[in-house]
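Here it is: the structure, laid out below.
Order of writing sets the labels: A, B, C and D. Residues in every chain begin at 1.
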Amino acid sequence: MRMKSILIGAAAALALAPAANAGRGDAGHVNIIYWQAASILNPFLSGGTKDVESSSMVIEPLARYDENGNMVPWLVTEIPTVANGGVSEDLTSITWKISPGILWSDGSPFTSADVVFTADYCMDETGGCQQLAKFSDVTNVEALDDLTVKVTFGKPKPFPYGPFVGGESPIIQKAQFADCMGAKAPECTEQNFGPHGTGPFRVTEFRANDVISMEANPHYRDPNKPAFATLTFKGGGDAAAAARSVLETAEFDYAWNLQIDPAILTQMAGAGKGTVVSAFGTGVERMMVNLTNPDAALGDKRSTVEGGPHPFLTDAAVRRALSIAIDRNTLAEVGYGAAGKATCNVLPAPAIYASTANDECLVQDIAKANAILDEAGWAVGSDGVRAKDGVRLSILYQTSTNAVRQDTQALVKQWWSEIGVETELKNISASVFFGGDQSSPDTFQKHFSDIEMYTNLFNGTDPEAYMNSWTCAEIPNPGNNWLGSNMPRYCNPAYDALSAELSGTADIDERARIAKAMNDMLMQEGAMIPLVHRGRVSAHSNTLGGVVLNTWDSELWNVADWTRN
Amino acid sequence: MTDVTSDIRPARSQWADVWDQFKTHRGAVMGMGFFVFVCLLVAIGPYLWTLDPNFIDIRAKNQSPSMLHPLGTDQLGRDTFSQVLAGGRVSLLVGVVAMALSLLLGTFIGVLAGYFKRLDGALMRLTDLFLALPLLPLLLVMIMLFRDTLRAAFGPETGIFLLIVFAIGITSWMNTARIVRGDVLALKEQEFVLAAQSIGTPPYRMIMRHIIPNVMSPIMVSATLGIANAIITESALSFLGLGFPSDFPTWGRLLFDSTNFMTLNPERVIWPGLAISLTVLSVNYMGDGLRDALDPRIRGR
Amino acid sequence: MLNYTIRRLLFTIPTLLFISFIIFLLLDLAPNDPTGNLPMTITPDVREKIRESLGLGQPIHIRYFKWCVQFFVNEPLNIVEQYFDITIGQGDRLRVSSWSTRSPVGDLIAERMPQTLWVVGMSYVIGILIAVPIGVYSAYRQYSWFDQTGTFVSMVGFSVPTFFTGVLMIVIFSVYLGWFPSKYDTLHVVTDWESFVFQVRQSIMPVSVLALFNASTISRFMRASMLDNLNQDYVRTARAKGMTERIVVLVHVLRNSLIPVVTVIALGIPQVFGGAIITEQVFSINGLGALLIQGIQGADIPLVQTLTFIFAVLIVFFNLIADILYGILDPRIRYD
Amino acid sequence: MLDGAAPILDVSDLKTVFTTRTGEVHAVNSVSFDLAPGELLGVVGESGSGKSVTMMSLIGLLPMPPAEIRGGTVMFEGRDILSMSPDELRDIRGSRIGFVFQDPMTSLNPTFSVGFQLMEPLRKHMGMNKKQARARAVELLELVGIPDALPRLSDFPHQFSGGMRQRVMIAIALACDPKVLIADEPTTALDVTIQAQILELVRELRHKLGMAIIWITHDLGVIAGIADRVMVMYGGQIVEQAPVRELFARPQHPYTRALLETLPSVTGERTERLKTIEGQPPAMREHPVACPFRARCVKAMDICARKNPPIVTLAGEHDVACFWDAKTGEARHAG
């Protein structure tokens, strides 16, 4: 009798299984390809998107942003606000209430001690935490009880959602990382390659810069998720090859960041095996103008404020002419297709922050650019290049190596040649350009060129930290080991004042006004030349269900919900 | 009927003989013809086909061959024909100069090592050393150290050209040296060399008259491979972002850029690929012909 | 011969020391800061401490000595310990660690070695197996259609870069025909016949791309060498003895022709261990080539030094093999 | 012919043409001769006169292409060699007909031991096993006068001197007791004392083994010492043929006479310069319709440019192809 019912039950399960991936692991195996391979699974030690996103399937933050940029509780019961009492009235503390019953993948309970430990881990000054900015102004993190954590800030924090929110600030397990504090952090290979987590998957094998294999976390909080029993996260190759493996050969189910010629992508999507998904976030492909002198003859003072101002880019007329000579719509169409749109702002999203004050540049106007330069006294010389007082408008324009960027460079070079500006193009391998090696002359921080181009963005929806990038203190120079994000070497006390004002303002509309003003100041003073508001472009196979592209957090944020159609 | 006496030939220089023999090799003559044709084409072509290879006409992007663009256009609407012409100048120059440099070095070191026993050990360890240094780090270090200096001295294109040619030249001579040394060692045992030595032929003449002509065939093979190798290494450097500026077309770069458009515009990949292959093929046939022509056993036949 | 071999073997020691010193110097003097790749938030004084712990403050000969001890004594012992699961001496020697991933370089290399050896090594073996007969027959029937076709194919074979042939193969065999996977699965383990078949399927494309290139090069050398020998007097002698063409070509001529080709082949073997950067990238094989280029770009000096040195050891070793083979094949060259 | 015995080798009307990139070269033009068993036939002529090519044509040793045998028959032991299959021909080469080449330095394979090279034909033609072949090889080396033969089997050619190498070559050629031995300038590359030793060896072996020998040389002095009969070649054809004494006593062809004059005279003045034949051999681009020697011939006549002189047999088995009559000093009546 018992035997029989078991058999019937098994038969029923067999019959039902293909119809709906009801239970954990029913959907089998899923393959994800990131053409940049993950090198570590600890986002506190690496800021690379590939590392943050691969680890987001294993370790999780307390709250996340959803696809619309709204904050959603993840490991907590609700988002603390002033209204619900989670954020103190004076905006100096925030209290998170952890959902009960969450277990680590090793079966131990997830508690407030882990959260406190994570804060200590990242804030240890010898540890070199990459996400330290998330913890700025934090003075204390304490466990009120097993499931309650209070974060205290040194000053009123209108936006207290820095720590523990979003894929870049997940919680790591205290028991596992206890011996990895400070200087020892990088040496804990085993922990960094296989952290215990609360996420839907856990690591079974990690090969640095190659491949990660994972399996469903048996202790995941939703007993029916994830649908996939195993997962492979493969790295290597290039964007086109990754797109091909999803869209044309269907070997992989999900491919990330397909910055390739839109014509090729469209053709690949035509094979009918996969779907290209894109969504706009905060990413802007922009040119960083160098306001200091990059002349190699300056030696150590090259591209520093001490080295003196740039011979011609400090002339506002030149920067304006350079900007309006560019046809941004063509750049967007050629390089990004539907996933790009022309923009004149460095802060194009979320919508409340988007300024319209700078839209002059949306339309290319070569004649006007020429007129501006004529007026400013830059006369066309016999070689077709404008010059004034012996200074020629000759620009070294660098970016990372990427087919779309090189196309953009070629187009810009042509337009600039039409206004009498000579351009020399240079491209540098992305791993060197963004690599941060202090002795390499080719990093984007050093900016040993007149103009450099790349995309920058911020996760989440609050622009405060992002807009702080262009304050005087952020200028990279030998004194701070070339650390800093103010590549244009822009320094304006008025801007710094706005920045300070922003961090002290709580009202959302007022914050928007200040952020827009900062954006407009940067644009009108020509510290950078924004080109294209870039969406994220990814692709998933037609058999993969549940993909929701999220540009405010990790793309793999809802991997637990993925299913096999 | 020809008069037999007319066949009594006056003594001629060796090179005239070599040339006579070379002329009889159909493949070699065709190869040489093609090579000269390609050289002339890329040298003169840009004056006849005056479209700027870097001129962008975005409305005319990804076009198939037409009267206006005989080989079509790329993804930015640049004319492929003028790009192939411009690219050929650089690729051929890089290929030939780098190959010549590596052959000269390789033959020089190989002959010295094989001929002078005293130098053998030291030179072969030097060769080992160069072989052991992986090419890429060496190139990267060299390029990082010298790029800015050369760029300042010669401008971005010439500076990089000198650097690339030099870098490829001094990192690819080792195989030639090893092979030449081996051949010279074997040759030294042969009687004609012993005979020449015994009549007191000085080493310089010995090497030029007796050794070099006899190691010509491996050198010729190395030369053929060398040109292809240089052209491809240049494209690999561009691939790593260390080569010429991206708006500076070379055959390797054109091929690389068009690879992703393989299914979209298949004709685009053909031109640079064909240009490289045919050039290498023609150099190979020239090498074959030259080897035959230099071989006295065949010449006598 | 034995004497000679032993002498050569002893001679490799100073050679290797010299080469290792040059590699050490070259990378040491290269304009890369070893601490440059550390996270930017590390403060300068912490950074300085790290530099000191790496021994960067010490004079160069001391650093070189330390490096040698580490490389020649500690690391081999570590590997032996790990492999046999035993403890020698104190057992907590420092391991050479990569600066970027912080894991022991030895482990990284061990992780990458299988796929590189399998794909690149296989392509080399297949390349030789194809090249030698083609070279022999092309030379024997010089200027026949076979020779002309072979010449053409091999010229195309090495004048078209692998980034092109690789993608071409993927488009044809993965996209259109769907026969082979376009990405190499480095986690795949061969356990039974079926998994072996999969392993073969996933290796076919990268192996043939590289094999084409290797075969092209080697067959040119083989052909040239055969041509040189086919005109020799001893070939006529062999024919005058009434030997069949088969024996004349495959015994008398081939042996002489192989002498220079063996050098080319032996010297090419270390390149196998260097991986194939472009092919590895096209098929996402992530072997030693990818590791090396990552190390270079990330200024990961311990990784690059180790890989380079292993490379140097292999070069010296195969050089020795080449010389010994030379001696075996060519009795005229005596080593005394 | 000696004793009127049936010839072991009978060549008639052999024509060999080379196709080169610059056109055809008529290397052998209607050559006919025969060889009696045990006879030693000397073949004389300058370099390029077609001596070697004729002999190599006989046994299919010329590379084809570029060489091509355009006609003629070569009867060996009653069978036409030229119509044999390559396999049949190979069975004859090295076993029934042995070949010794000019340059002992390059004629041996440098990478195989002398023993291996010597045992190769034994095993192939005589079907010997390794042991038998080895024993025979030792015998052969001893036969050609190499002392301490057994250990030397494993030596390589470069370990032998020139003369010794030529002895090895002879041993290889004699390995299977050939009926005919073709020696292509076997002593030219050797110094005089070694030459004399080799000559002595051949003379001795000939009597011991009783084979016929074709001895190609440009040195009439050598021929005088050992040959039974001499054949003079010029421009790819036979210009004169006679028993050795007859030829030296009464040379008929102006070319033969010129050759004889180049020999250093034993009685002559020491200061006298050696005579040379002016001019160079013809290039033989076409099938000769005129006398190939006329351009260098001191007795050339009008007819020589119009017609290639046919072979005329004179008294004493003396053949000559010339319009000029040495006896009368006048033009012979051309048929």
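Keep this in mind: a residue touches a chain if its C-beta (ideal position, glycine included) is under 8 Å from a C-beta of that chain, and two chains touch if they have at least 3 such contacts.
All figures in this text were calculated on a predicted structure; none of them were measured in a lab.
Asker: Taking mean CA positions as centres, which chain lies farthest from subunit C?
Answerer: Taking each chain's C-alpha mean as its centre, the farthest from subunit C is D.
Asker: Between A-B and A-C, name the chain pair that shares the greater number of C-beta pairs in contact.
Answerer: Ranking A-B and A-C by C-beta contacts puts A-C first.
Asker: From the C-alpha centre of subunit A to that of subunit B, how far is it in Å?
Answerer: Taking the average C-alpha coordinate of subunit A and of subunit B, the gap between them is 46 Å.
Asker: Express in whole angstrom the distance between the two chain centres, defined as the mean CA positions of subunit A and subunit C.
Answerer: Once rounded, the distance between the two centres reads 38 Å.
Asker: Starting from the mean Cα coordinates of subunit B and subunit C, work out the distance between those two points in Å.
Answerer: Measuring from centre to centre gives 24 Å for this pair.
Asker: State, to the nearest whole Å, the distance from the C-alpha centre of subunit A to the C-alpha centre of subunit D.
Answerer: That gives a centre separation of 89 Å.
Asker: Which subunit C residues sit where two or more other chains touch them?
Answerer: As it turns out, subunit C has residues touching two or more other chains at 31, 167, 175, 259, 330, 332.
Asker: Provide the list of subunit D residues touching at least two other chains, using ranges where the numbers run on.
Answerer: Each of 158 in subunit D touches at least two other chains.
Asker: Note the residues in subunit A that touch 2 or more other chains, in rising order.
Answerer: Counting only residues that touch two or more other chains, subunit A contributes 429, 432, 440-441.
Asker: Once bound in the complex, which stretches of subunit C touch subunit A?
Answerer: 31-33, 35-44, 46-47, 49-50, 97, 100-104, 108, 111-112, 167, 170, 174-175, 178, 181-183, 185-187, 280-286, 290-291, 294, 297-299
Asker: Using the touch definition from the top, list the residues of subunit C that touch subunit D in their complex.
Answerer: Where subunit C meets subunit D, its residues are 232-234, 236-245, 247, 252, 255-256, 259, 329-332.
Asker: In their complex, what parts of subunit D are in touch with subunit C?
Answerer: That would be residues 59, 61, 86-87, 90-95, 98-99, 101, 103, 106-113, 117, 120-121, 124-125, 156, 158, 169, 172-173, 175 of subunit D.
Asker: What part of subunit C is in contact with subunit B in the complex they form?
Answerer: 15, 18-19, 22-23, 26-27, 30-31, 143, 148, 151-152, 155-156, 158-161, 163-164, 167-168, 171, 175, 217, 220-221, 224-225, 227-228, 231, 259-260, 263-264, 267, 270, 274, 277-278, 292-293, 296, 304, 307-308, 311-312, 315-316, 319, 322, 326, 330, 332-333
Asker: Can you list the residues on subunit A that touch subunit B in the complex?
Answerer: 240, 260-261, 263-264, 267, 296, 330, 334, 400-401, 403, 406-407, 409-411, 413-414, 424-429, 432, 440-442
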